[in-house]
Every structure is written in C-alpha cells, then in structure tokens.
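A short worksheet on the structure shown next.
Chains: A, B, C and D, in written order; residue numbering restarts at 1 for each.
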Amino acid sequence: MPANTAEPGKGFKHRLALKSSLARETMSEFLGTFIMIVLGCGCVAQAVLSRGIFGSIITINVGFAMSAAMAIYATGGVSGGHINPAVSFAMCLFGRMTWYKLPFYVGAQFLGAFAGSAVLFGIYYDRLMAFAGGKLLITGENATAHIFATYPAPYLSLANVFADQVMSTMFLLMMVFAIFDSRNLGVPKGLEPVVIGLLIIVLSSSLGLNSGCAMNPARDLSPRLFTALAGWGFDVFRAGHHFWWIPVVGPLVGGALGGLVYVLLIEIHHPEPEQNFSAEQPEDKQEKYELSVIM
Amino acid sequence: MPANTAEPGKGFKHRLALKSSLARETMSEFLGTFIMIVLGCGCVAQAVLSRGIFGSIITINVGFAMSAAMAIYATGGVSGGHINPAVSFAMCLFGRMTWYKLPFYVGAQFLGAFAGSAVLFGIYYDRLMAFAGGKLLITGENATAHIFATYPAPYLSLANVFADQVMSTMFLLMMVFAIFDSRNLGVPKGLEPVVIGLLIIVLSSSLGLNSGCAMNPARDLSPRLFTALAGWGFDVFRAGHHFWWIPVVGPLVGGALGGLVYVLLIEIHHPEPEQNFSAEQPEDKQEKYELSVIM
Amino acid sequence: MPANTAEPGKGFKHRLALKSSLARETMSEFLGTFIMIVLGCGCVAQAVLSRGIFGSIITINVGFAMSAAMAIYATGGVSGGHINPAVSFAMCLFGRMTWYKLPFYVGAQFLGAFAGSAVLFGIYYDRLMAFAGGKLLITGENATAHIFATYPAPYLSLANVFADQVMSTMFLLMMVFAIFDSRNLGVPKGLEPVVIGLLIIVLSSSLGLNSGCAMNPARDLSPRLFTALAGWGFDVFRAGHHFWWIPVVGPLVGGALGGLVYVLLIEIHHPEPEQNFSAEQPEDKQEKYELSVIM
Amino acid sequence: MPANTAEPGKGFKHRLALKSSLARETMSEFLGTFIMIVLGCGCVAQAVLSRGIFGSIITINVGFAMSAAMAIYATGGVSGGHINPAVSFAMCLFGRMTWYKLPFYVGAQFLGAFAGSAVLFGIYYDRLMAFAGGKLLITGENATAHIFATYPAPYLSLANVFADQVMSTMFLLMMVFAIFDSRNLGVPKGLEPVVIGLLIIVLSSSLGLNSGCAMNPARDLSPRLFTALAGWGFDVFRAGHHFWWIPVVGPLVGGALGGLVYVLLIEIHHPEPEQNFSAEQPEDKQEKYELSVIM
C-alpha cells in the first residue's frame, strides 16, 4: 500500500504511536483513573462546596458511578478499564491478566488519581479558598478533605471499617466477574460500563455509610497524598486512628475474595461447553491473556 | 483431549464442579437472594441509620431495585434469577419450571435472605448499637426493625394491606411475564435485569406507601426472623396485628394472579407461529423446562 | 400435527384466543392504559398522601415515565403500545394506522384509564380517607383530586394553558416519530419504551409547571370523571375555569403538530433508499398498516 | 416503478424534499438545538419558577442531559446531532467534517437556540411575569435570567472561569470521541445519545459549580441575546465582569483540547487493522466525510 507512506497524517501517527501494547495500556489506565477522579471527586466537591445546594448524596452516588462508567468507556477497549488496583490484582489472581503487567497498571492508576486530584484542586481553587476563610480543614462542618479521600464515621472500630471495605469490594468484584461472564446472563457488548455504573450506585447507596465506600486503593490513597501536600497537612493520614491504610489493603483482600466467591459458587459449575464449540476456542494461553485484558 | 487431564486447574475444577443442575441452581438462588438482601436492605439501612443524610426514598427505591437487577445478573444464566418464591411459584404454575424444583428454589431463597440479613447486621453492627443507645427498637423514631422487614402503616385494615400485597405482586409478575415474552415487544437479551430494576423502581414509588412493597416472601420473612433472633425480639411478628404473614401469602396469590392476567389478556392471543417456524421448536417438554429456567 | 389437538392446554387456548387482531389490540390498549394509570398516578398518590416523605417531584417524574415504559413493554408487540388517544390520532393522520381502528383504540384507552383509577382508589382507600378527615378535596393543602387528573396553576390564562398542552404534546409526538424512524439514528429494537420513558422524564421536568403535563386525553379525562363519581364531585370539571377540556383537545392538536413538524423538517428529506433495497419492501399498503401497529 | 409517480403523497414529498444534503443537515441542526434549549432550559425554568418545589439540581442535571440526548435522537441520523459549535469545530479540526459546512452548522445552532429561547419564554410568559411582580431580573433571589444563560459565581476570577469552561468542554469532547471510537470499547449503535446524556449528568454534577457548565457557545450566547432583547436588558452581557464571552470561546478551546488529548493518548495507539480488513475500508476521503457526519 504505497498510498499509506505518502499520506502525511499517517506518517505523523506512525512516529507517535506506541508499538508496545503495555505502554498503550499503561497510558490508558492513567487516563481512565484521571477521568474518574476529576469527575467523581468533582461531584463530591460540588455538593460539599455548595453546602448541598448544587449537589447531594444522589448527585454524588450517581455522578461518581457514572464517572467510573465514562472512564471505562474511554479506556476499556485498550486496557480493560480497570482503573482500580483491586480489580487489576483480582484479574491477575484469577489468571485473566499476566502478573508482569500489574505494577504498570497499578502505577498508572496511582499517578492518574494524583494528577486528577491536582486538576480538580485547580478547577475549584477559588471556591476552596472562599469556603473556610482560606483554611483547608480535615474535620468540622467546613472540612473539605473528604472531597478527595474517604474518612470513617467516628464511632467505628478499625475492625469494623476493615470488614466494611473488604465486604464492599467483595461485592464489587463478584459482580464485575458476573457482568463479564459470557456463560451467565450476559450484559450486551458495550453496555458493561453502564451496568458497572449501576452497580456502583447500589454499593455507594447501601454500603457507603461506614467509611464512604472507596473500594479502590488508587482512588483513595493518591488523593489523600495530594491533600497532604496541597495544604491540608499530614493529619489526613492520622485521621480516624490512621485509617488511611484500610481503603488500600481492604479492597485488595475484598477483591480477591469477591472473585473467589463468584468462581466457587457460579463459574466452575457452568456445564462444559460442547466439544466442537471448545474446538473453536484454542487453549492458547497467550491469546487468552490478550482477550482477558478487555476484562 | 488428553491436555485437559494434564491441566491442574481443570482437574481441581472437575472435583468441585456440581454435576447436578439442580444443585447448581439451588446455590445460585441462595447467592442471588443473599446479594439482594445485603445491598437492598443495605440501602434502607444507610438511609435510616444516617437519619436521611446519606439516603432517602430515592436512594432506597433506586438502590433496592438495582440490587435486584445485580442479583439477577449474578444468577440469571444459571437458575433464572428468581430470587423470590412468588416468582418461582408462578413459574411452576404456568409450566415454566417443574414443580419438584420448587422446594429447592424456595429453600435457597429463604436461606440466602437469612444469611444476607446476618451479614448486613454485621457490617452495620457498630452503627446499629450507636443509633438508639444500644437498643434495637421496632417502633418510634429510633426504630431500626424496618431496615430488614416491612411494617404496615398504622391506619390500615388487614384486608387493605393484603389487597395491597396481592396487587403489587400482580403487577410485578404481569410485567415479568411481559418482559420475557419474546412474541411481545421484547427486551434486548441481557438487559432484562435492568428493565426489571426499572419496574421495581416504579412499583416501590407507586405502591409502596401502605406497607413497603415487599412483594417477596423470602425478602420479608427471613429478615424478620433474623431480627427476632438478633435482639429485636419476637414482637416483630406481633407488630401490625400479626402483619408478618401478609407479605408471605399475599405475593404468592398476587404472583399467580399476575401471571394469569398476562396470559389471559395478552399471551394466548398471540397469532400462531408459522408452520415452518414451529418445526424449529420441537415440543419436547423436557427441553422447554430447561429453557424456562432462564425465565 | 395431531399432537396439538391431543394437548389439553392448547385446546383451551384455542377456545379463548381472539381470532380478530382488532379485538386483541383493543384489549391490549385497555391493559396498557390501565397499567400506566395505576402505577403512574400511584406515584403521585404516594407523594401526595405521604406529604412528600415517601415521594417527591423526582419519584413522580421518573415513576410516571417508567410506568408508561412498562405499559408499552406489556402491549407494544400487540397493539403498538399507544396508551394515548393523541398518539393513536397522530398515527392515523400520518397513515401509520387505519382510521377504522381509532375508535376501538381510543375507547379502550379511556376505559383502561377509568378502571386504573378505580383500582388505585381501592388500593389507597384507607389512606385517602385518613388524609383529610374523610373528605375528598379538590383544592387546598389537603387536596387529593390532583392525584388523578391535572389542574392548572392559578395565575394562568386559558390561552396559555392551551398553548402549553399543545407544545408539550408536540414535543412528545415529534420525538416518538424520531424514535421509531429507522432512517434516523435509531433506538435499538426493544429499548424504545425506555427511551420514551426518558423523554417523558424530560417533558415533565421542563414543561410540567403550568398544568402538570398531561399530554394524554385518556390519562386526564377518565381519572377526572372517576373522581367526579367517587366523591370529589363535579367541581373537578369546573376547576380552573372549566380547564378539563384543555388536556383533551390540546394534546390532539399538539400531537398532530408534532408529527407534522418531524415529517416536514426531517422525515421527507431522508435520501431515497436504493432501488434494490426498496424492492425488498413491497408497497403493499395492508402490510404497511400491520407493521405500523408496532408503531 | 411507475406506481411511484402515480402515488400523490410521494409527488408532494418530492416537491418538498431537500435535494442538498447540506440544507438537510442545516435544518436538522436547527431543530436539534431548538429541542435542547426548550426542554433543557425548560428544566431550569421549572425549578427556578417553582422556587424548587417542582424541580431541583437533580431534575435540572438529568433533564438537561436527557434533552440533549433527545435532540441527538431527533437529528443524529441526518446531521450527526452536534447541536454545539464546539463539537462541530472539533469535528472539522480532526478531519471528521469538511470545513465549508462549519458556518452552516454553527449558524443553524445559534438560530435554533434563539428560537428555542423565544418559545420557552412564550410557554412560561405568565409565570415569568408573576414571579417578580412583572420585573425580569438578572441578580437577586427573584432573578430569572439564569434560566436562559449561565452566570459565574461571584468570587471567581475570569481566569478561573475560563479554565473551568475549557476543562469541562475538554472532558465533553474527549468522551464524545471515545463514545464514537469503534476501536475502543464501543457503545451499542443507537445508544450513543443515552451515554452522552449520562456524560452530561456527570459533567453538570461535578464541574457545574463555578459557572453552570455551559460547554456550548450556542446554548449560552443565543439565549443570552434573547434575554437582552426580551426585557432583561443588556446588563446580561455586563454581568460577571463581561463574563458572556467565556462560555463562547472557552468551549471552542476546550473542545479542540479534548479531541487532541483523546487522539494523542488513545486513538493513534490503536493497533493497525489487518490488511484484509483495511481493504474493506477504501480510503476514499469523500465517503469518510459522509460517514463522519453521523459522528
């Protein structure tokens, strides 16, 4: 096809285009987590900074869920749209992604969430400054730190909040496995992000009361680090009896557990596919991994 | 295929996998009802325990409906995702499930709802204790029993609440029959759970005022039994002039009625399919039952 | 197929099944309008009778819209799911339904709406009696007549409310024509009811302030007649300077206008289909009408 | 086919039908923007004029988003349903529409938005007059100008609101490019308008606090001009330190940026299609433009 080389746009594209699929996927996970944090935490910001006039628990729950859906639409065809280390970890654990990709995915997710926090801080800088007379507070009615990271309710034991994060991420991953299990009911191709959005609406409406339903180490730790550096101070790590590590470790445990429950109770019991059908699916491991990236 | 026996994962899978489809379906119904109760009643819990700050009638109606949708996604391809004895009963009554499966389905549904209540109680244990000074109350503004089971409004006669449960479940089953009637307008394959979710939003927004729109014996009786044992006491069965049996019997009557109305007014009047088309659908009863499991 | 005659269920079915497609369609329109009124007006009832605690403008707008969607799912494959005389009238006017069917459709819609009002009245009878000390009022803060029919805001001229009903039904029909225009963007088969539901959410959220956005003669006149007979008295027809005829006549005018605008601005400008494509669509009028019934 | 010429309706159609595809597309963009303004700004009107009783931030955000979805359904198959100069500009910039069409698209969008404002003003004329004792105000609690155009929060610098409009439109176009990128996850054909609606819900719930999230020069400038002429006076252009040009220029910059980010981070990295697959897509520029009109 000599026409290709003659076309200038294509030559430009060729120089910039990433040859490595891992580099592509890393950039995609960065972008996805960035989108989710700007728009998702943006919903919290709008509700908090308007003191409930231009936002409420409904716009937060619907908006955060649909910002995750949008992030998956933007990246799902490239990297699977994990946008969550707990998802990537569970995918590796159950053989749906190769382990060597995990650090790249997780690193991109943490960086994307950090960059997203910074952009959101910029967009609402004037408003944040006006909100509490120029102070950036972690507690009290003028607190703004919970725009970025989650904080536990005061009466809770660490054991209870840990169980809470494990349980909510368990349901998240159990349902993600179900949504992408083509031998179950099946979500129509291209609507998985919307159904995952509906799932997040349910989870944040039902299991969000104890500690805000983070269910995602990158969504919580990176914005928390950002707030520590941007002026709220390192008390964001001390709040709630050093609560910060719970939305990091809890979701990893819960995600693994959720995948396990789904596989043990549903997936392994699916009847064997017909012999001639299985012939069409060669058991070539490498190809399986490539497919599994699309979750 | 000697490669299969060599693969360790598959051997492991073979040992655990349930050979009996009935066992698979029973486990699936258990899981589905479990999911619906944890997430659905969880939405009520979040609204009640935050005294309306982190939840409202909107998050409850949308959240409960979508938790049912999620439960159907998790189980629909295996057991049909009934998650409701009234649905299973109507399916048997209209020849879409064999009667011998009914006790297994219903038993699994009751057990799943009980287990779900216990898990939800655990997740919000600290909060429940803090809510009314350590007391678990059935009535008054600090009541928490209605997180789990439904209670009637005080002015209602038993006849009115019975009619209420019959009517709402009638509409539920009438629409479930319509949604799965491929000769009617038809919902795209894989979106039935979302449309059922929208249906439950409508029903709980329109017919939920008299007694909470349970429409499901397992969803109501198992959590009520759990609260009786967990500290609210057996007054949960005495409340509302022994109201407890109404969301058990009413939905069974209403479900049967709903199926009957749909079949009599719509289904039997569909024109006969073409002869060559009917040839592709052999009237092999056994196969019909297998298909009907997918509702 | 001698097996058919031997099967008792099929014989029973044969005796009951309607041979005439018009009879089938009439029954279907009755059922659809019945469903829409019980569930749609039910949402208004729940919000009004709980004085805003178990319902609000959001549950009403979403619930009424989705009850229309459910009614279309229940009937769309049989009669097209018009459930609105303004829709049936516009379909006849633009050659998508034969005129002789119109009185049957419209009659069924009025009867269905009347029956739905009666059932809703029954379901909430105890509550209605308790609401205003046993009185059924049309105006004031204890009014309940607007659960069933719409009433105009007090400051409005009749010209303004008439224009209001014409405009809102114009947008309704314009969009219904667009949604079923397969040469435009196109809604996936089987999701038209959900998109129509979203449309009704938009219309009732934007054009509902003047007079409640009835957009449907059957939805408004039949429930109004029911309230006149059921105890609110014939003042329901005198209220708002004899407003009652406006949601009857306005939607018929607006629906015709909406179809006209869509056809003139969009439909007639679609490029001619390819010759070989048109060959697959024989211009047999009768068949066209049969198809158009599915809207 | 001699039957065609004999059919009177077809002859009528032939006389009226636009032969030029550009004329068709111009009319389509006019209609789309008209629909979005009447129904979208109508949601703001209902909330403002009822002082929050029949509308709130939720009905505004959902209603405006879904009125855009409806406008796209009405016009997407003809002109691509841009209904936004920032979208048309970005489409030209990235070679998805020919530049010569741009003035026609943009002109139609501005005219449609102006006409929509006038119709909405007519529908709510009586109510607007009653709202503030016959006065049409721009500021204060009886202000009504923000029904039509957006105004910035008082504490904001012009730099911040400009950045705000750039950022929000950047996310809008980035996601529009993703939604129509068939080599990414892909939205099912015919559901793109609904997903764009969900996107607008997210954007207005997260980035709407600074200056109302116009993201569209036609949606903001035309209604503002209408209010200036209709009685609010030319102070609508002076308000917020002559804020009016920011929702005009900002979205053009942001839209270009959003397309660029998506193309650079995702689109150019898609692996090359297979040779035999590319053979089915001839690189005939003209055909590409025709297709791209459907976005």
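One rule holds in what follows: a contact is a pair of C-beta atoms (placed from the backbone, for glycine too) under 8 Å apart; a residue touches a chain by one contact, two chains touch by 3 or more.
Computed from a predicted model, the values in this text were never measured in an experiment.
Using CA atoms for the superposition, what rotation angle relates chain B to chain C, in steps of 5 degrees?
With C-alpha atoms aligned, the rotation comes to 90 degrees.
Same or different: at the chain C/chain D interface, is the fraction of residue numbers used by both copies above or below half?
Counting shared over all numbers used gives less than one half: different.
If I average the CA coordinates per chain, which chain comes out farthest from chain A?
C
Can you give the whole-Å distance between the Cα centres of chain C and chain D?
29
Just give me the whole-number Å value for how far the CA centre of chain B lies from that of chain D.
Taking the mean C-alpha position of each chain, the two centres sit 42 Å apart.
Send over the residues of chain A in touch with two or more other chains.
Within chain A, residues 58, 188, 191 contact more than one other chain.
What chain pairs are in touch here?
Every pair of chains in contact is listed here: A-B, A-D, B-C, C-D.
Which residues of chain A touch chain D once you look at their complex with the stated criterion?
Chain A residues touching chain D: 1, 3, 7, 9, 13, 16-18, 21, 24, 27-28, 31, 35, 38-43, 45-46, 49-50, 53-56, 58-60, 62-63, 66-67, 69-70, 72-78, 81, 119, 122-127, 130, 188-194, 197, 294.
Okay, in this complex, where on chain C does chain D touch?
Those in contact with chain D are residues 57-58, 61, 95, 153, 155-157, 160, 163-164, 167, 171, 174-175, 178-179, 181, 183-188, 191, 195, 198-199, 201-203, 205-210, 261-262, 264-266, 268-271, 278, 283.
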